[in-house]
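Take a look at these structures.
Shared between the two complexes below is chain A, which pairs with chain B and chain C, respectively.
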Partner chain A sequence: MADYQITDRVDITDVVCPVTFVKAKVALEELDEGDILSVHMNDGEPVQNVPRSIKEEGHQILKLEDNGDGTYDLIVRKVGE
Partner chain B sequence: MAFTNEQLERYSRHIILNEIGVKGQKKLLNGSVLIIGAGGLGSPAALYLAAAGVGHIGIADADVVDLSNLQRQVIHGTADLNKPKVESARESMEAINPDVKVTTYHDFIASDNIMDIIKDYDFILDGTDNFPAKFLINDACVMAKKPFCHAGILRFGGQLMTYVPDANVPCYRCVFKNPPPKDAVPTCKQAGVIGAMAGIIGCLQAMEAIKYLTGAGELLTGTLLTYDGLKNEFRRVKLPKDDHCAVCGEEPTITELIDYEQAECSGISSDDYK
Partner chain C sequence: MAVDYSALKAGGFMRQKQKDNFSLRLRTVGGTVTAEQLRTVQAVADEFGEGYIHLTSRQGIEIPFIKLADIEVVKKRLAEGGVETGVCGPRVRTVTACQGGRCCPSGCIDALDLAEKLDARYFGRELNHKFKFGVTGCQNNCLKAEENDFGVKGGVQVAWKEDACIACGVCVKACRREAITLTDGRITVDEQKCNNCGRCNRSCPTDAWDVTPGYLVSFGGTFGNSLKFGEELLPFITDEDTLLRVADATIDFFAENGLPSERFFKTLERVGIDKFKVVVTKAYNGED
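Presenting the complex of A and B:
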């Protein structure tokens, strides 16, 4: 049982850096403080950079789930307005 | 308004910036800027504002593209010779960014049309090359309570200053009072101007418009920025508002717009010393 409820999901597997982070950032701006965003991303460069960039924006990283198919789901709690 | 993937990619370098972000980019797309003069200053300003995604850009100029313009008026090309500058500028801006709506004014800006033109815009850039136009733009913006950025260039020098209404900051007339006597200041046809100077100062004007629209950073109000290209020296000159200013002071004596006489040698065009 997850101890969080996902508010919204965004798929960034269809774009490349830096639009990966931009797309996640845009999705976060649509949410309210405390909401949970699930970010679906590819292995490699997105997994290396997107979590770090989101953290630098002040949001809270809850989990990075390996889907076992070359993709990951990053679970983020929005912090701030 | 949701961004398309294409817009996210186009504006990604803005959206990543904390000072701009999604909100700032939306402000740019919903914002409007009027550029008076499609010459040396107006060229880079128009190109960068179009690229930035300013949703509505107005451009005013009565001239056609002349061969002597092309050394610095980079929005126009050799193929644009004899074409109205506003048309050439519109084509360049639309080619850069289809998100931008461009409105052209192929006309001289004067006391009888300026109020009607500036009313539709959030911010105005003075890219003109002559003192009558500069005083007219200042007075009209003060009267209409419109923010604007003044700029001028000559030889290896340039300057700019931003005015915002109701902000207790000086207007152009607080600083310069009246146009100089005819021929006291040479035009750039007479004195020359280095092309890159138009790029530097015009881009600084574009930066002021972007900061105004997004609310990022600090505007160049109450401060005249001057640039000496030969020494590579920027100077910030702090200037106070003049309570006795004839147009923005406590008891203004200028309550109607004035069409000052144009210096003979400069013509009434935008390209002679810009």
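Presenting the complex of A and C:
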């Protein structure tokens, strides 16, 4: 099904905006170009805003998975070093 | 010699409770003041005022405690430093704007540029009562468009581009109006719910949206003794010429139908907002 292999995961459900994005950004910094990060986030502000911020950082978003429990997993491919 | 207070007021000199003292209102557009202008304002406030300024609620600057005897020299000094005096009384007031489009990443339109055009066209125009224009760059509404007699809000019309979409589902959640549905890899937008905020496009990883920027206009807002939100009476406007036609028609309608000391919303209530809607709809359609 999924045509990507998740390299790492980060859970940002324990923080609120704007730290949500900061935490995701730090997790991405740990990775290498082309690695895939799954970002676990809450409904509401995080899912409304974090994907956009990650896009604006230049990374590639592949999918937003709805876990059906009020959380989402955003699948991101790291772009750049 | 008798002092002509209303002429002073028209020129931005607001009589203070302290006899022969005036708070001098300056002309600003969209809350933008250059560093050079600030140096002039600083010098005048130091020399002729009490060494401070007041920032007004509508992005203006006032220099309080200007003495009656100094008014002419103060005007001259300001003019030399590129600072114009503002207006008060029954006329078009300071045009306010956010930094949308120029600095703010959320901006759908260049709010400041539009404010400058509206200012050049209408500032100081005599009417039956004060009349306020405000321009805000997007639905976040930092500039609070609906509290103005004529409020402009930037937006975008969005159209999904099937070819570019990867069906990731991000836009469905980015939309705060629940206007987007994703079914079997196809996106649909409920135009009744969409408020032209553009968040879908900004969050889309593949830019799978065609966006057309434009304006949403609200009429007859006021936030003083009476509180009233301006009402949107027209569809989304996609070009500046149409917007200016609508603004012209609005000002002309107020000039023709307003009574002395009657705010625009009162005129609309008395004459009937439906009658006004017919007039601005004609302007919107480019009919005479």
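Assume the second predicted complex is superposed on the first by the 81 of 81 C-alpha atoms of A that agree within 3 Å, B and C clash if a C-alpha of one lies under 4 Å from a C-alpha of the other, contacts with A are read in each partner's own complex, and residues count from 1 in each chain.
The rule is simple: a contact is a pair of C-beta atoms (placed from the backbone, for glycine too) under 8 Å apart; a residue touches a chain by one contact, two chains touch by 3 or more.
From a predicted model like this one, the values you see are computed outputs, not experimental measurements.
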Contacts of A:K25 with chain B and chain C, given as first, second, both or neither: first
Per-residue touch tally on chain A - higher for chain B or for chain C: C
Partner chain(s) touched by A:V15 [first = chain B, second = chain C, both, neither]: first
Partner chain(s) touched by A:Q48 [first = chain B, second = chain C, both, neither]: second
Touching partner for A:Q60 - first (chain B), second (chain C), both, neither: second
Common interface residues of chain A - those touching chain B in one complex and chain C in the other: none
Touch list for chain B against partner chain A, complex: 3, 5, 8-9, 12-13, 15-16, 18, 21-23
Chain A residues touching chain C - in the complex, by the definition given at the top: 43, 47-49, 51-52, 55-56, 60-66, 72, 74
Chain B-touching residues of chain A, taken from the complex the two chains share: 14-15, 18-19, 21-23, 25-26, 29, 57
Contact footprint of chain A on chain C as seen in their complex: 105, 166, 168-170, 172-174, 176, 199, 202-205
